[in-house]
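Please find the structures below.
Shared between the two complexes below is chain A, which pairs with chain B and chain C, respectively.
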Partner chain A sequence: MSSAVHRRMLKEYLAIQKNSATRPHLELLEPIQEDDLLHWQAILLGTADSAYEGGRFRLDIVIPNNYPIHPPAIRFTTKICHPNVHFKTGEICLDILKSEWTPSWTLESVCVAISSLLTNPEPSSPLNCDAANLLRCGDMAGYNSLVKMYTALYAMDDEEQ
Partner chain B sequence: MTDEQILTQMQAIKDEEANLHPLVDNSVDLVELEKEYQNGSAAFQNKIRNLSETHDRMRRSRGDGNCFYRAFAFAWFERVMLAKNKPELHMNAVKAMEESKDLLLAAQFELLAFEDFYLVTLETLQNLVHYTPEELLAAFQNDEISNSIVMHFRLMVSAYLKTHQEDYAPFLEFGQTMDEFCSMHVEAMGRESEEMMLIALTKVTHVSVEVAYLSGNENVDEVNFLPFLPDTEPYMPPLVLLYRPGHYDILYRKSHCLEGVV
Partner chain C sequence: MSNDITDPSDWPTEYASLREIDSHLRCPICKEMLRAAVMLQCHHNFCSECIRRHLDKESNCPACRIPTSTSQMRRNVALDEIANNFKDCRSKLLRILMESLEPKRNTSQQHGPLSRSNSMEIDDVALQQKRRRTSARMSPTNKSAPKISNDGSSNCSQDPNNMNMDLSLADDDNDDRDGDFVDVSSHESTSHHKGKHVTRSSGPVLRSRIPRSSNASTPLELSNNTAPAPELVSSTLPDFGPSNSASGAPTTSVPGSVLSKPSTLVACPICGNGIPFTYTNTHLDNYCLLKQNDPNYTIPYKVIITQKSDIIALYEKCGASGKSISNATANTSTSVSISSTTPGGSPRRTNDSQISPGLSFNSNGGKKPVATYPEPKRIPKLTYSILNDKQLRKKLQELGLPTHGDKQLMQKRHAEYVTIYNANCDATRPQTQAQLMKAMEVWERSYEKDMQTREAQRRALEQQQQIQQKELAQQKKKEEERAATENDTEPGTPTLSSSQSSSQNGGSNHVNNDAVAVAVATASAFAHALKYADEYAELIADVKKRMQADKEKKTLEDNQQAQMRTQPNS
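Let's turn to the complex of A and B:
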C-alpha cells in the first residue's frame, strides 16, 4: 500500500467536507467506509430543467494505488440512459477518465465534469447507441422522453439503490 | 473490447517495456552509444565520433514519454549535488522551486492537486546537500519520487505557458486554446515534449540547456547543438541532453566531467 495515495485522499476528503455547500449537483462524495480511502461513492443530482431532473445517480469510485498519476475508475451503479454511459455496466466514456486524464484533476472536479456530461452528451463516441442515435437524428422529444422514463424507473426510488 | 480493456492492455504493454529499463540508468561511457550504431549508418557513426571529442559519458532516461522531464530534472539535481563547494547553485535551485508554487497558483492550479508533487520535488532538492550519487540515483529510480518530480516539472511548464499565453499561443494549432494544449500535451504523464516545453522549462528553472541533435542526415558529420537560454543570466554551464528522434538522454561534457559521477 502506498502512503502517498492515502495522504492525498485524506487531503481530498477534508477539502470536500469543507466545500460541500459549493456544489449543488453533488449530493454526496465520500469514502464508502471510513477506513478505506481508496473506495468512494458519490451521488449526482439530475439538473433541474433537464430530462434527468429528480434523479439521483450513484457512482462507484475506485482509486488506484498510483492515483493521481493514474485516473480513478468511476462507473454508474444507478442505471442511467445516456449516450456515453454503458447501460448495463455503467462504464463512462469521458476522455478525462481515460486518455486525457491529468493529475491536476481531483475527485471533486471529476464528479463535476461527469455531472456536466449528463447535460452535454457527446453522441459521436457512444456507449449507448440507442440513446446516441436519437440525438444524432435530432429527435430531442424521443431522446428526452426515453431519458425521463429511465430516470423515473431507476433513479427516483431510494429503495432500489 | 471495451475502451477500458483497451486502455488496460495498452498500459500492460507499456509497463512490460518500461520494466526492461530503469527510470534513470547508471551513466556509461559514450562508447556504449557508438556500439548501438556499429551496424548502422556512417552518418550516425561519424557524428558520435565527433561528439566524443567533447563529451565522454551519457546516461539513459526511460523511453516512457517522460524522458525529457526526467533527464532534465536528474541532470540539474545531479549538478547541484556535485557542486557542494558552490552553495549558490543549491540556493538558486531551491529558490526557483519555491517560486514555482506561486506560478502554479497564478495559473489556477489547485494547491490540493499539486502540493504532494511539489513537496516531494522540493524535499529531494533540499536533500541534495547530503545525498551521495547513489542516493540521488535511487531517488530517481523510485517510481513515486521520480514520477512526482516529473509531474511537478510538467505542471511548472504548463503554468508557465498558461501565464505567458501572448508569447506562445501563436504556435498552437488553429483553434486550440492554451488550456487544451497543456492538458493534452503537457500535464498528462507520458506525453512527449516538443520545443515549446523545453523553452518553458528553461525559463521557469533559470537553467540553460543545450540539446545535441543526433540525426541520420548524411550531409553533416557534426552534431547540431541547439541552446535554450533562460531570461536571466545563466549561473552555471548548460545541462546537455542528447536528442534522438522521439527520445532524450543525458550527456556529460568533458570540460565539466565531474568527479564521483556514478
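Let's turn to the complex of A and C:
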C-alpha cells in the first residue's frame, strides 16, 4: 500500500521537475529530504499586484500513507496574514484540502490552488478573524496594508522560516 | 527505477496526439496506465482498484464529484485492452520515435532557417534515414548490423514488416540501375524543379510524384498482378527519367536501394485507408477532400495492420521450423498483396500448396473470434459492525486469509482483500489467486510496519508532551518565585499589590493558587511587552508618522481650499 504512495510521489516528483517552467508562482516544490518522499516543502511567491507581492511563503507538506485517497496535510511555516490561514499554526482552511479533496488532484495543483487562495480570500470561513473582519467590513485599504506589513515583516527575509 | 515511472510528457512534442492518448489511458488517481479499467455513470474511467478504494471513503466521482457507487461501475473492456496493449508497446514505440526524430533535429540544427525547397530536401533525407532505421530494426532475426543489400530475395526475407507494401520492390531491388535512378530522381525533383515547387502554394515534393495506377509507361514491369506499389511508381515517374538516369549522381549506390523501400503506411485521417506517409498530402488533396475514392489505396489501414502481424507470425514460424524463409515469405507477400489490392473482396490466397501446411494464417480473414466477458463472481462487502470476532475470523478462513490479530486488523485485511479481489475481477488480464495472496502478504507486512512507525510516533509525542509539561511546571515555579520577589521589591503596581495582600493573608509559606495565576499572567504579559517592545514602538512610530502626514495633508488641502475661496473673491 505504501509502495503505491511512493510510486505516485516519485511520479509527481519527476513530473514537477519536467515542467518546472510552467508555474510562475511556485518557486520550489520538492521533498525536504531525498529519501523521504512523504515530507515535502514548497515556496509560494506572492502574486504581483497583490498585497503579498515580494513575499516568499514556505509550505510544509506531509503526505499520508493512503495518499491520494486522503489529502496531504499542508500548512504555512512562514507567518502569513490571511483570513483563511491560522496566524499561529499556519493551518489552511481550504475545502479541497478537507471535504472536497479528490484523488485526481496533485501536489502541484494543490499548490496552485493555495496560491490562488492568497489573492481570493474567503472571509466567510475564517481562521484569522481580524483579517476576515476587515474584509467583511469592506475595509480594503486596512486589509491590504495589514497584509503588506506582515508580508514585509515575515516573508521578505530569506532567513525567516 | 525511474525507467518504469512513465509520464505523458515522455512523448516528443512533435507527437502531441500520442501524448493525448497516453494521458487518456491513465488513471486520474494513480496516474499509471489503467489497470482493469472501469467506467462510472459519468463516463470517467479509473483503475478498478483505485476507484474502489476511493468509493470506500467517499461516494462520488473523483473527476467530477457526481455521486456514484460501486454498483454503478461498469467494466470498460475495450479501453482496458487498449491500455494493456499500449503499455506493452509503449517503450518500444517511444524509442523508435525518439531515434527517428534525432537525425531530423540534427539536420535542421545544422541548416538553420531553411528555404522551402531546402526543407523539403531535408525532410526527404530524414525520411530516408528513418526508413533505413525502421527497416533495420524491425526484422526480428536480423541480429547483426543491418546490411542493406541489393539482393532482392534476401532483403525481402530480412524485412518482414515491410513486405506488405514492399512486395513488388523485392524484384526491383535486383536492379542496380533502378536504385540509382530512384535516388537521382528524388534529388533532382527538388533541385531541378525548384521553381515549380516554390510557385505552388502547398504540397511539397510529393506532388510531383503522384502515383499512377497500372502505369504502363514505367520502365519496370510490375510483377504478379500486384497493384502498383505506390512508392515505386512515385519514385520512378518518367517525367525526368532519361536525362537523370544518364547523369549518374555519385551518392546513389546505397541510399538508392534504401529509398526504394516504401515508407510505412499511415491511416488517412478522412477515409481511414492505409496510405504511404509521403503520399498523404496528394491523397488528401486529390481524393479525400474532393470526396472521391483513391483507386490506389482502397484497403483500410486496420486490415493492413492485421495482415502485417500475420505475416510476422508466419515469418517467425518459418524461421523456427527451419523452412526456406525466402521462398515462404516471397509467396506470402504475393498473396497478401493480392488480397490487399482486391477492393471489397475477401482476402484470397494463392499458391496455397507452396505454403507449409502448418500455417493457417489469414484463414480467418484477419478476424479474431469475438471474445465474451462473463460477469465474474465478486466477494460481497461485509458490514463489519454487526459481525463479532468469531464470525469475521470464519469469513477470513473461508477466503484462505490469515486470521490472527484483533478485530480491527482482521477487518482491514478483509476489506483490502475484497478490494483487490473484486478489482481483479474487472481485469481482462486477471492475476492468479497466488499473485493476489502474495499482494496480501505484502500488504500485511507494510501494515505492520505502518503500525510500528505509528506506535513509535505516538510514544515520541507522549515523551515530548511529558517534557513540555515538566518544563511548564518548572517555569511556573520560577514565575512564582519571581513574582514573590517582585512583590517584595515593587509593591507599587496595583495588580501585584493584590496578590501580595492575598499571599500575606495566606501566610508566607502557603501560596494562594489564584494569586499565583494572576502573578504568572502579569509576568508573562510583562515579558511579552518587553519582547515586542521594539516592534510595538516601531509600529506606533509608523502609525504616528502616518497620522502626522495625514494631518499635514489635510492642513495643506485646507489651505489650498481657503486660497481657492479667497482668490475668486479677490
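We adopt the following convention: the second predicted complex is superposed on the first by the 160 of 161 C-alpha atoms of A that agree within 3 Å, B and C clash if a C-alpha of one lies under 4 Å from a C-alpha of the other, contacts with A are read in each partner's own complex, and residues count from 1 in each chain.
In this text, a contact is a pair of C-beta atoms (placed from the backbone, for glycine too) under 8 Å apart; a residue touches a chain by one contact, two chains touch by 3 or more.
Here the structure is a predicted model, which is why all the values come from computation and not from measurement.
Partners chain B and chain C, once the complexes are superposed on chain A, run into each other and clash. In the superposition on chain A, contact of A:Ala48 is made with neither chain B nor chain C.
Shared-chain residue A:Cys137: touches no atom of chain B or chain C.
Of the two partner chains placed around the shared chain by superposition, chain B and chain C are both touched by A:Ala4.
Legend: residue contacts after superposition of the two complexes on their common chain; A:Lys18 is shown touching chain C, with no touch to chain B. Look at A:Pro68: by the touch rule set out above, it reaches both chain B and chain C. Of the two partner chains, chain B is the only one that A:Lys98 touches; chain C does not reach it.
Only one of the stretches 78-86, 168-176 or 240-248 belonging to chain B has C-alpha atoms clashing with chain C in the superposition, and it is 78-86. Of the residues of chain A, those at positions 2, 4, 7-8, 11-12, 15, 66, 68-69, 100, 102-104, 106 touch chain B in one of the two structures and chain C in the other. By the touch rule above, chain A contacts chain B in their complex via residues 2, 4, 7-8, 11-12, 15, 66, 68-69, 73, 86, 89, 91, 93, 98-106, 109, 127. Touching chain C in their complex are the following residues of chain A: 1-4, 7-8, 10-12, 14-15, 18-19, 65-66, 68-70, 100, 102-104, 106. Interface of chain B with chain A (complex): residues 2-4, 7, 109-110, 112-117, 143-144, 147-148, 151, 155, 158, 183-184, 187-189. Interface of chain C with chain A (complex): residues 1-2, 5, 7, 9, 28-32, 50, 53-54, 57, 60, 62-63, 65, 416, 442-443, 446-447, 449-450.
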